[in-house]
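The two complexes that follow have chain A in common; it is paired with chain B in the first and with chain C in the second.
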Partner chain A sequence: MASRRLWPALAAPGVAWLLLLFLVPFYAIAAVAFGGTDPLFNAPLPEWNPLHWQFGTMSEVISRATTGDLRPVFVRTFFYVAAAMALCYLIGYPVAYYVARLAGRRRGLLLALILAPWWINYLMRMLAWVNLLQDDGYVNDALLRLHLIPNPVHWLSGNQYSVVLGLAYGYVPFFIVPLYVTLDRIDGRLLEASRDLGHGMVRTFLHVTLPLSRQGLLTAVVITALPMFGDYYTNNMLSGSPTTTMVGNEIEFYLLGSSQKEVGAALVLVLSGLMLALMAYYLVSTHRASRQVS
Partner chain B sequence: MTFHPRERGSARPGLGRRDFLRASLLTTISAGSLGSLLAACGGDGSSNRPRASAVQLSRPDNPVKLPIYQDIPAIASGLEPEKGTLRVLNYSEYNGPDVLKAFGKKYGVNVQVTTFVTMDEGGQKLRTPGAKFDVFYPTTDVVGKLAVGRLLQPLNKSYLPNVSNVWDQFLDPFYDKGAQYTVPHTLYTTGVLYRADRVKSVPANGYDLLWDEAFKGKIYVLDDDREALGMAMLRKGITDINTEDPAVVDAARRDLEELIGGVNIKIGSTQYSTVPEGTATIHQAWSGDAVNAQYYLPEGTGPEVLGWWYPTDRRGAIGNDMLAVPTAAEHPVLAHHFINYMLDPDNSVPDFEYTGYQPPLKALNPDSMLADEYVTENLVGAVITPEDFDKGLQLLQLTPKGEALWDDAWAKFRSGA
Partner chain C sequence: MRRARRRPRTWRRPWGLATVTWLYIAWSLLPVLIAIQFSFNAGRSRTAWQGFSFRWYWKDPISSVWNDPTLHLALTNSLRLAALTMVIATPLGVALALGLTRWRGRTATASNALMLLPLATPEIVMGSALYLVFTNLYTSIPLGRTAQLLGHVTFSVSYVVVIVRSRLLSIGPMYEEAAQDLGAAPLQAIRTILVPLLAPAVFASLLVVFAASIDDFVISAFLSVDASSVTVPIRLYSAVRQAPSPALNALATLMLLGTTVALLLAWAVLRLRRRTTGAGGRAGASSGALQDLATLDI
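And then the complex of A and B:
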């Protein structure tokens, strides 16, 4: 009898965490997006009662995002995140695979090294990139000396490749770790069975390892894609040009640089809606995957 | 929203510190003015914003006498300054630490500085219920809101004999007729900071430097909607930089958009270092940046590589900020003494040496500042004179609808469409 109450009670800290640090702030954002503005200080007046919510700003923001000036920003953000995800995949999968299956005794050391950049503040790491990528920085120096480029590349002048690289660099360890955990758990005997039944290395990977790591891959994608969608700082540091503005930059402007906080809040909700769709897909797929396994 | 030179975009704080205490605001507004405020709240039809401002918008040709409330009197004359801790609410690094320390020593008190990054954030901190700051540094575009919102107390001039040291205009400025609530702190103009070693000739209309394709990829506008769009207007000879005419704002946005394809424009806020370091060749900047830039030059590079352009007819953007005493001050007499202290050239000049932003004092002029080596010959245009203040154009408070117009134009420019 006691245990029937005990086990759900163990979830209480997690539930409290979700309520306090996710649902309440999220509701506050909605209250600002659907609330009014005080006429004196132009500050938002959050409306806590959903019956009194005004949807004028939200419909304006949605129309700007779908057909207006914010549309290219949303499209660009989507492509940047997709490209950065692809890079994370290309870099992260082999690394996770190597650490999980081939690193042997050095795996602890390798994992520590992958996470080592986290010991340095994100800002400092991005400033280091700014130094490396400057017109007369080491990256251009090296490329010029190797005769790979005739003239210095303007990496920091609104170069979209720099932004994508920055995003991938910033989040790739988040991609590797969950993937590593999944790959590590794959039963080695399944791989041996595949080999015994005549599959080569490549086909074993494609037909056994890859399907079995799907769940970890999805986790990795969700964990890295969500913060990438909201990222604005990487862009500020590595570009600063209107040609690479992401949704996060517009949110930053509306919330911190303008008097229209309600527009910033509405943008947060629109972006959250898009990411919610991504999460829903993730939950449905993992559910399906776990049913297949059982 | 008008920005202030101390607001450095890259250092803006995260959202965590934003609070939602604004709901308590209406309780701070007098019952008498509540009706008119709520009337101004009428929706715009499309967005959730009020159309009109609850505060009379001050303009040089429409000066405003701020209201005095019976229940918020100025302090009596002849009181002894309080002991304890003077609480100052200011931008970060906007007072020389030695100057503050010296004041504390002279009066036997502690000086505690709480900082903010944007004026918006400063206003929020001031409005937080229970906040008890003694000194605040408002800008011209918010002072009306603060006075009407009952957040400031009138000054008692008998404590401020040093007011005689400031330029005469500030004894009766248009944003606070009779200087009832404020004394000036610093001034700044907005112009173009450039690398004189790379830019061989400056066109008569110096704003055109930003459109010069020869420096593609090395040109920046300030990360500030009012300054950037206002600059595009000034370039075309439009002097009403507080316009709420959508056609004018739109035209300015389109002019800025030319910069995207033309010079691969960047948006920046660290001009005081990027120009001397050479990352930027041309950067829209504040006069204080021109003064500060010489300290960011790489070793072996002299200040002659820097150049500053401001309209030769001195009809460019100008701004100033102020010192004021909040209503909730616990040490109002000490606060008056502090303000008087800061108006003494013996203290405000060392303060200027630290911040790079010039106080409007009679003791400072282009000749004296050149002689004392605060600026070099090539940057002397960054020194502001009383005539500049008369001729210059201020970016002032707009109606909520006007602010939305400028904000959205800037967001559209930033979208890079």
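And then the complex of A and C:
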């Protein structure tokens, strides 16, 4: 029958597109990372045959990342992301909880306001902070007037607090929304039951709400941590200094700003491996949770 | 909503949480509002207010958005890229969604996994991959606007599939089967029955793709080559370290205006649909439509 061939035929252009422009490019990272270099032009020589792959660049990058000059970069990336995630949680959870469960009549308005940063361009939001954090900007102005600082702070040249706060500011909207969706779905009767059984607000939160929102929390962490690990623009806009370099900055530098593209490609593979571990944990946990429900 | 109102009386009113929420909203939106304000600054400063003017939009003969050719080009590049991405990615994604929903078998499962992968791939990985493939394998396509378009379509197709497929699953196969029982050929059934039913999802896809493309920085930046392929986000990024003027704020404000109009349109259509179908009576049409918009991207 014709319809048996109709469905694959409809899918074919899209599948072909993704093969050529998603899967092949992904393979190109490996081909460059495990290829050689052309000594004459000082350019990478990609190796498309996996049987001829060389692992020299990769082992060099791994040893630099574990014991060499890239180690502080990886450590820093981890701590910046961890600190920004902690801020996201401390800010995002109360906001998501309030909007989902307690906002009452104002809920529509609040939802619109917490969604607003989604459609404001990320770089515009960073540009806004670049304006505010100038040496003579509003932030220093306010802090000086409140006598919290004696002299203007240089926020925009290698200040790690600016970078961490910038990351938290940039990604917290993406943290709040998945959490909001989960908290919104929690059955209110469960919370009432907890209250009827004599639990106060805090115990109800710790023993009912928090466990029930675990999956949403995990989604929020994955959605924000993955781009944060690869972020280089927040850092470049708010600091631009080698003292705050993250892995994303190194990737951008090696791929776009140097001739050692194979080092950049190897770094992308290392970073992808780390992210894949996070992703795998998420998928296993989601799978387990959905099995528990059914 | 009703649940919230039945909040047990024994618990205190959540003033603390309300304060945190409003403080958060102020923190997240005030910097942007101040940036918009400074786009109307009469002077060159981005830190001291010198009076209201449209200088940085069109009045300044050299460095306003209208008169500075580089800012002008960034705006047209962004809009053209988003429009072309929308026009290519949406039909590609709708066809893929139709195919993947009904097609069974091992190849179909693999294709489905392939479709989902871009959604889970961090931008920097996709950007690097596309950069390396265009510089090492597809060398007949130079970096620049064409490569950017191909890259944008690649990350947009999956959004379209996810949006259209959820609508397809809620429609179910009955209508189409009924059409075929009445003698319609499979393609005819799709054209006359499914496509009209899918219209809201297609419309939502168009807008989401447009917004995603205009918002993208990483893919555009990895695939841009020189001044000719600079988009608004690239321009905002690079100008911060050069010589920023309020014209940059004006450029960002104009782009924000564009996305706001697109999203208001999407919201109005979703609201209309909710009214006509009566779906989601719990939250009312307006905030229900908002909820649809919120869950669309996840």
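In this text, the second predicted complex is superposed on the first by the 257 of 294 C-alpha atoms of A that agree within 3 Å, B and C clash if a C-alpha of one lies under 4 Å from a C-alpha of the other, contacts with A are read in each partner's own complex, and residues count from 1 in each chain.
The rule we apply is simple: a contact is a pair of C-beta atoms (placed from the backbone, for glycine too) under 8 Å apart; a residue touches a chain by one contact, two chains touch by 3 or more.
Quick caveat, the model's predicted, so the values are computed rather than measured.
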Quick one: classify A:Gln134 as touching chain B (first), chain C (second), both or neither.
-> both
Name the contact category of A:Val32: first (chain B only), second (chain C only), both, or neither.
-> both
Does the superposition put A:Ser258 against chain B (first), chain C (second), both, or neither?
-> first
For A:Ser285, select first, second, both or neither according to whether it touches chain B, chain C, the two together, or no partner.
-> neither
Is A:Leu21 in contact with chain B, with chain C, with both, or with neither (first, second, both, neither)?
-> second
When both complexes are superposed, which of chain B and chain C contacts more residues belonging to chain A?
-> C
Partner chain(s) touched by A:Thr66 [first = chain B, second = chain C, both, neither] | neither
If you stack the two complexes on chain A, which partner ends up touching A:Thr57: first (chain B), second (chain C), both, or neither?
-> first
Given the touch rule stated above, what does A:Pro44 touch, chain B (first), chain C (second), both, or neither?
-> both
Considering only the touch criterion stated at the top, classify A:Gly240 as touching first (chain B), second (chain C), both, or neither.
-> both
Take the contacts of chain A with chain B and those with chain C, and give the residues found in both.
-> 28, 31-32, 44, 46, 134, 236-237, 240, 252, 255-256
Where on chain B is chain A touching in the complex?
-> 1, 3, 9-10, 12-13, 15, 18, 20, 22-23, 25-26, 29, 37-38, 40-41, 43-50, 52-55, 118, 120, 123-124, 127, 145, 148-149, 217-218, 220, 223-225, 260, 264-268, 279, 400, 403-404, 407-408, 410-417
Hey, which residues of chain C end up touching chain A in the complex?
-> 1, 3-8, 10-12, 14, 17-18, 20-21, 24-25, 27-29, 31-32, 34-35, 38, 46-48, 92-93, 95-96, 98-100, 102-103, 107-108, 111, 114-115, 117-118, 120-126, 128-133, 135-137, 150-151, 153-154, 157, 161, 185-187, 211, 214-215, 217-218, 221-222, 232-233, 236-237, 240-241, 244, 248-249, 252, 255-256, 259-260, 263, 283-284, 286-287, 290-291, 293-295, 297-298
List of chain A residues in touch with chain B within their complex = 28, 31-32, 34-46, 54, 56-57, 60, 69-73, 76, 134, 154, 156-158, 236-237, 239-245, 249-250, 252-260, 262-263
What does chain A use to touch chain C in their complex?
-> 2-3, 6-15, 17-19, 21-26, 28-29, 31-32, 44, 46, 91, 94-95, 97-99, 101-105, 107-108, 110-132, 134, 136-138, 169, 172-173, 177-178, 180-181, 188, 192, 195, 200-201, 219, 223, 226-227, 229-233, 236-237, 240, 248, 251-252, 255-256, 261, 264-265, 268, 271-272, 275, 279
